[in-house]
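Would you mind keeping the following structure in view while I ask a few things?
Read from first to last, the chains carry the letters A, B and C; within each, the first residue is number 1.
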Amino acid sequence: MGFLRNLGEVFTILKHIFRQIFKRPFTSLYPFEDRPYPERTRGRHIHVRQNCTACAQCVRACPVLAIRIDKADKMYEKDAALYFDYTRCIFCGLCVDACRFDALYHTPIVDMAEGEREDLIYGPEKITTLDREPLEWRGRRFR
Amino acid sequence: MTPDILDETVEVWFGPQHVSAHGWATKLKLVGDFIVECDPHAGYFHRSAEKCLEYRNFRQGSPILERLCMLEAFLAEYPYISAVEQIAGLVVPERAKVLRTIMMEASRIHSYQFWWGQLSAEMGFFAMTLWPWVDREFFLDTFEELTGVRHSPHFSTPGGLRFDFTEKVLAKLEKAIQVLEYNMPKFEDMLMKSPLFRMRTEGVGQYSAKEALRWGLSGPNIKACGIPMDLRKDQPDPNLAYDMVDWEVPILEHPDHPGESDAYDRMVQRFNEVKTSVDIIKQLIPQIPDGPIIDPKARAKANRLPEGEAYGRVEGARGITSLWLKTLEKAQTPYRAKIRGPCFHSYYALKHLVPSARFADFIVIFGSLDPYPGWWDR
Amino acid sequence: MTGGAVLQFEWFVDWLRGLPQWVFNIIEVIRGIIYGIYDWLWVVINLLWTLVIDNIFFLFKAVIFPGLIFVVMGLIFFVWFTRKLWGRIQMRRGPMHMGKYGGVQLFADAIKLISKEIIIPDKAHRWAYRFLPSLLLVVVLVPFAFIPWDTVWFIADLSVSLVLVFAFLAAVPVIALLAGWISGSKYSLIGGFRAANNQFAAEIPMIMSSVGPAMLAGSLSIMGIALAQSSVWFIFLLPINFATFLTASIISVGVFPFDAPVADSEIIFGWRTEFSGVYFTLTYFAEFAEQMLYSALMVTFFFGGFYGVPWLPGAVNFIIKFLIMLFVFVTVSSSFHRLRQDQIVRYCWKYLLPLSMLNVIIAMLAIVYVPGLALLLVGG
C-alpha cells in the first residue's frame, strides 16, 4: 500500500508540472517592456537647485559618504553643487528625509548602468536633470 | 598487510569556489563516501559590520544591519532599533507597532519562501526552486510599494517608522498572502508529500533537543524538536504588537522520534511557521489603529543618547537575532555594538551533525539548518 | 699540357651535348610517374565512383537523413526544446533573444563555449583529457545507426543489434569514470565513481525491460522488434516494462532526479568539472544525445516504431512519437528531488528489477496460455 501511495504522490507532482508547462511564464521582458515603478521608488536622485540652501544636511545624513558638496559653485543665490557617487550610494533615502527645503528627491529611475566607473559619479550637470542619452543596442532603443 | 582503505582519509574543501557555497567554506574529511570530520570555516563573508556601526550615528546604523541578511531585512534591522529605543527611552506609537509587526511577519514568510527554493535547488529540483520565488515576488512588490526598494528597505527608525501604509500597500500585501495560500497545497505536494524528498531527508541530520540547546540553536531549528522556544511569546517586546493577536507557538512533535528533529521535520516546521505568520498578519490587518507613525520628538532624541546599555532582540526567521549596544554620555555613535546572529550557531553545529553522514547529505543538512553567511561573518 | 686541356674541353663538349638528352630523360621519367599516378587515380576514382553509385542510397542514409546530419540537427533542436521546456516548467521564458523563439541560441552558446580557453589542470592526463570527450560523443552517436526510422530508412541492421546498442551504451559510464580519473580533481573522481554507480544500478533493470519486447518479437534485432508491432504496440502488453525502462534510462543518462554523477550542489559538476571550452561542449552534447537515443529506443520498443497513422510515412510517424517521448523524458526528469547514490542502487535493485521481471513473466505466461495472442503478435 505504501508503494501505491508513493506512486500516487509521484503522479500528483507530475500533474502539477504538466499543468505548469501550458501556463504563461512569469518573467517580464525587462529591457523591452518597462515594469511600473511605485511612487516611492528610491532610484537615482534629482537635485532642485532653486530650492537648495546649501545646508549640507544631506551630506551629514549619508551613512556611506556618497555625497560631496561644493559650496563655491553657485548658480542661484544660495545654492550649492552636489556630487553623488553612485558607486557608494546604498539608496537608503536618509538624505531625502534630511532635506527640509524640498530640494532633493528620489526618482523612479533605477537602471543606471554605465561603462565607466567615473560616469557613475553624477556631477551637478547630471544630478539636476532627468534627461539622458537613449541607449541603443543593435538598432533597438531602450529606456 | 595491505593498508585498509578505511584508514585513508581524503580532504575535500567544500568551499569558497563551490557553486553552492556562497561565501563560506568547510573542510571535510572523507572515508569512502562518509564524512568523518567537518571543520566549518567562518570569515569568507566578513564585512566588519560591528566596526562599521561604531562610525554611524543611530539613524544611520540600520542599513548596515539589513545587509547582514537581505532575506529577513525587516527583522534584521529591528534589534538595533530596539536597543536605541531602549537607551533613548523612546515610546513608539501604536500604529507603528502594528505596522512593524506586520512587516516583520511578511519578511519572515518571504525568507521561508526563499528557503524552500534554496533547499530544492540544493537537491536538484529547479521547478520547485522557481515557483516559491515567483510567489516571493509579490511580497517584494509589497515592500517596494511600501518603502521604495525591494531589498534592504530601511523601514524602521528609532521611535517609529519612515513610511506609512497606504491602500495600495494593503492591497498588494493581501494579494501576496492570497497567492501564497493558493499555492501552499501545491508546495506541500511537492515537498512534504514527495516520496523522493522524504527518502532524501528523513533521518538525515538528526539531533535531540538537548543537543540543540547545547549548540545554541534557536528558531525553527529548535521548535522542530518540540520545544516552544519563541521570543515573540516568551519575552513579548513592548514595541511590537504580538500581544494583540491570539496565536500559538508552532512546534512539531514527530510521532516516531519525539524530542528529535531531522531535516524533514525542520522543513515541515517551516511550513507551520509560515501558516502562523499568515495567521498573525490576517489578525493584525483589521486592527491597524489610526495615528502617527513616529514620535515627533524621536528625531531629536535619537541624535544624542544618554549613557547606557541595551540588548535588543527579536525572533528572526532563522532564530534569535540580537544586538548589544553600549553608549557613552551624549553619544552620537555607539561605543560598542555586538551582534549575535542566529546562524553562527547553526553553522558550527555542522561540526557535530555532519560526521558519519554521507557526502551527498552534507548539503541537505546544511540547507535544512537554513544558515545565511551574513550572520556568522558580521 | 695542351693535349690534356683539349681532352678536358672535349669531355666538356660531350657533356654539354648529352645534357638535352639527360633533361629529356628526366622529364620522361617524371611524365611516366605522373601518368602512372594519373592512371592509378583514374582506376581508384572509377572504383570509388562505382561504389558510390552502387551504394548512393546507403551513403545518403548514412550521411543525410537518418544519419549524421539528421541526428546532429535533431540534437540541436533537442537542446533548444529541453531548455525551452525547462524554462516553461520553471515559469521562465527560456532562450528567446537569438533568432525566432531563441532558435539559434544554441549556435551562439556553442560558439561561445568553443572559443573559450581550454584549461588543462596540472595533474590531468593531457592525452586522455583531449581524447575522451570526443570518444564519448562518438560512442553515443554510433547506436543511432541501428534505430529503424522506417522500413527503408535505417542505416544498419544486425540480428543482434539490440545487444550491440547496449554494449555501446555500457561504455558511456566507463568513459565518464575515466574522465573523472584523469582530470586530477577530487570532485571529478567522486563524480566518475558515481557515474559508474548509476550504471551499475540501472543497466540490469534496463536490459531486463528490453528483454520483454525482444521475447514478444522473437528477435534481438531492433528492426525485428519494430516490425513485430504491426498489429499491437508493446506498450499495451508491457506497460510496467515501459515505466521501468523509462526510469532506468533516466538513471543511466544521469539527468535530474538521478543526477548524482553531476550533482552541481554536491560535487561541482561531477566528472565534467575540469572540462572546459570545446571539451565541455562535447560532453554536454553527449548527455543530450544519450537522452535522444533512449527516447528513440523507447519508441521502437514500446510505441510501435514506425507504425501509427496509416496514411503517413513511417518516418513521420516515428518522429511524432519521438517528439512526444522527448517531451515525456524532459518532463519526468525535471520534477523530482535528487536521490542519493546508495538510494538509487537500492531503488533499482529492490523495485525496478523485480517489476521488470514480473512483467516479462506475465507476458510469457500470457503467450503460452492465451492462444490468440501469439497470432495477434505475428500479425494474423
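Some notes on this structure:
Methods note: a contact is a pair of C-beta atoms (placed from the backbone, for glycine too) under 8 Å apart; a residue touches a chain by one contact, two chains touch by 3 or more.
A quick note: this is a predicted structure, and the numbers were derived from the prediction, not measured.
Comparing chain pairs A-B and A-C, the larger number of C-beta contacts belongs to A-B.
A summary of chain positions shows that the Cα centroid lying nearest the centre of all protein Cα atoms is that of chain B. If you average the Cα atoms of subunit A and of subunit C, the two centres end up 50 Å apart. In terms of their C-alpha centroids, the spacing between subunit A and subunit B amounts to 26 Å.
In subunit C, the residues that touch at least two other chains are 89, 91-92, 334-336. Contacts with at least two other chains are made by residues 10, 13, 16-17, 20, 26 of subunit A. Residue numbers of subunit B whose C-beta contacts span two or more other chains: 127, 131, 134, 194, 196.
Within the complex formed with subunit B, the residues of subunit A that make contact are 6, 9-10, 12-13, 16-17, 20, 26, 37-38, 40-42, 61-63, 90-94, 97, 106. Residue ranges on subunit B touching subunit C, taken from their complex, read 10, 12, 18-20, 33, 120-131, 134, 194, 196-197, 199-200, 358-363. Against subunit B, the residues of subunit C that register as touching in their complex are 86, 89-92, 186-187, 190, 256-257, 259-260, 263-268, 334-343.
Residue ranges on subunit B touching subunit A, taken from their complex, read 56, 59-61, 63-64, 127, 131, 134, 137, 144-149, 152, 154, 162-163, 168, 186, 189-190, 193-196.
Chain contact summary for the complex, subunit A toward subunit C: residues 3, 10, 13-14, 16-18, 20-21, 23, 25-27, 29.
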